[in-house]
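Read from first to last, the chains carry the letters A, B, C and D; within each, the first residue is number 1.
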């Protein structure tokens, strides 16, 4: 007896009866010819921020890495397992994506943990603690700013972290070179779960501003 | 000027005009009360195998880690950044998910790379090569079996890798303990991109068998 | 007193009262004019995998060799009795069949015996042991792969054995020549006893894929 | 593209929509628990004489060896491949069948070949010629009897061959011992393709007589 979650079995049935039917030929071609996504999205594991939903994407469109707080570590060619770096390398070098989107979101649990001065390890391995060290210096500075509200500190660090990941992206030689040659574009985005707003980062000023859906149409 | 990919801007407009409208209240509640997903899915970055599509899931339902070849490394409490282990820890300890699904798929590029005896590093860092070392012994053994077709070797390793990740999951003390107490269930699944079939792993035999959508109804 | 099995006597009565009535004229013509089957099926003796059932065939349609594990030995013109080679020769040269199907199935006891490292001879003659030597090298290799489940090893060898038999078929000069001239086609098939699925071998890749009954309609 | 014979594809569809539906549970149980046939049938490859049709049998009922002219060679523990002996050994020793039926039929092409004084090898390997050597002495004697019609000579040799195979069966130590202990019964049967009659051999006199379906009811 396989105790697969019933809600997911129902969902799969809906998929097979609905979306799969619409995309049957596309799936077959994607299987035969391989995937050719144009875009790599680095997104958060958060259950409320799936890029495929937010961008209403079709199969084969987005190559998606998801880790806690949508982070990219710096280039560390050291022989260790690097999940995110491996995905990045595969997307850029093997799939030759043209766009990389680092996509954060509001109310991020990982960022909240990084900002919590009393956070205790979730387990003896303290994997979240170590992972969030990637933004520790920025988190510490924001933490100390009592003039900002907790909500402001959270949003600020979410955006700082996106910029941080973009800076780390550029420590990868292949990314740096391809971007300089105009073969690769890097974008920052931030999704507001509470109201569905998408905020895009201006590549020059690095400010985030709300996308005006009507105006962009 | 923000050069965000136009196809994604279109997709976002569709989302805002469609799905977001349907789920507006749900998003608001999810923002206010936080996410409470029951299920962690460890999935591949592949653009053809997004769990949210395959399970037709709603916002807040699935906490999703995505890395190349949907792998879980073994428990290594060593002070390094461990993206997947951090997500696992967060899902199990902070979100208290009840089900973990390791979800592989056919035609996986990472598995293909692991099986290619002539594979060369994609970049000097060779991140994919190192990452796929997680299944290197099994890959080497399958590679040597010339009686199997390339397609059979690929499918075999995709499934071996799922079992390997499930075994690694159980090296995490929190997973092991909770599973033993009946608080956490671990599942293996494999999605066939070419025809939409979902194959589930029998927890006893560890064999995969195709889900009969009609029979499961 | 003839102690013929009563269940078979009952079955024969059903046949005479049913199917034979429907096919009475056909049987008479087949007796007078001789059989002209288009297809040779090499099938297993297994009681669950009779080709006439699976293909719902009519009298005169299939010329059927059945041995343990549906195997074809290589061409050995050595003066010994060769049951399967004789049937093959008769089908190809005397009956001029146009199609040869090597038809394996799941849960094959012969294949299981070939994979059992502790298998002991069933009798001092060890006929099964010798017969299964036809797939011994492949069996040994698969046996050594502890990463595959027993079920996966079994299925893998069942399919390898079909390909092996097809390769052996082509060592018969008459088969080789007729196939090259387009007068004879060779097919691999695998029947899943547990759910009735029929898997067909792609002649190019030699992979097996499930026949979609609806799509093939 | 798989060029599987369309007639067989149609037949398989009929099977899946008909008989398989009726026997679905039986197939599943047979897969899970293994086959347990009570009867081994040694039958001819002839397309007009499938035992499952003639005995209207259900899946799992008959373990069936089929070779040209439904013959059993004598016990020869010599290290060669012996297809029929292997099947016999498996049926008797592993499956522990209780009945063995050697089932011949009228208009048998193998018997006809054995009786043809001008028969030439069908191929340089002459596999049929060698295989039919199993009844060569009897065939030669009948051939010389010009007082019998060709039809009578054919029927006579078909029945002699059945008795010959039954005698060969008893050269297998396991068969001989089990039959002597009353654990195994051996039967001769002959099917008349032209009119559907089944003739059974009297174990004492070794004569064949037509089964009276009404009387046997």
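Quick note on the criterion: contacts are C-beta pairs under 8 Å (C-beta built on N, C-alpha and C of every residue); 3 or more make two chains touch, one makes a residue touch a chain.
Bear in mind the structure is a predicted one, so any value in this text is a computation, not a measurement.
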Self-check item: Chain-contact steps, minimal, separating chain D from chain B
Solution: 2
Quiz item: Of all the other chains, whose mean CA position lies farthest from chain A?
Solution: D
Quiz item: Distance from the CA centroid of chain B to that of chain C, rounded to the nearest Å?
Solution: 39
Quiz item: At what distance in angstrom does the C-alpha mean of chain C lie from that of chain A?
Solution: 53
Practice problem: For chain C and chain D, let me know how many angstrom lie between their CA-based centres, rounded off. | Solution: 15
Practice problem: List, in ascending order, every residue of chain D touching at least 2 other chains. | Solution: none
Quiz item: When you draw the chains as points and link the ones that touch, which shape shows up: line, ring, star, complete, or other?
Solution: line
Practice problem: Go through the chains and record each pair that touches. | Solution: A-B, B-C, C-D
Quiz item: Where on chain C does chain D make contact in their complex?
Solution: 2-5, 7-9, 11-16, 18-20, 24, 27-28, 30-32, 34-35, 37-39, 45-48, 50, 52-57, 59-68, 71, 73, 75, 77, 79-91, 93-95, 99, 101, 106-107, 109-110, 113, 122-128, 130-134, 172-174, 185, 187, 189, 192-196, 198, 200-203, 211, 213, 216-217
Quiz prompt | Touching residues on chain C, where the partner in the complex is chain B | solution = 138, 141-142, 144-145, 147-152, 156, 159-160, 163-164, 195, 205-207, 210, 212
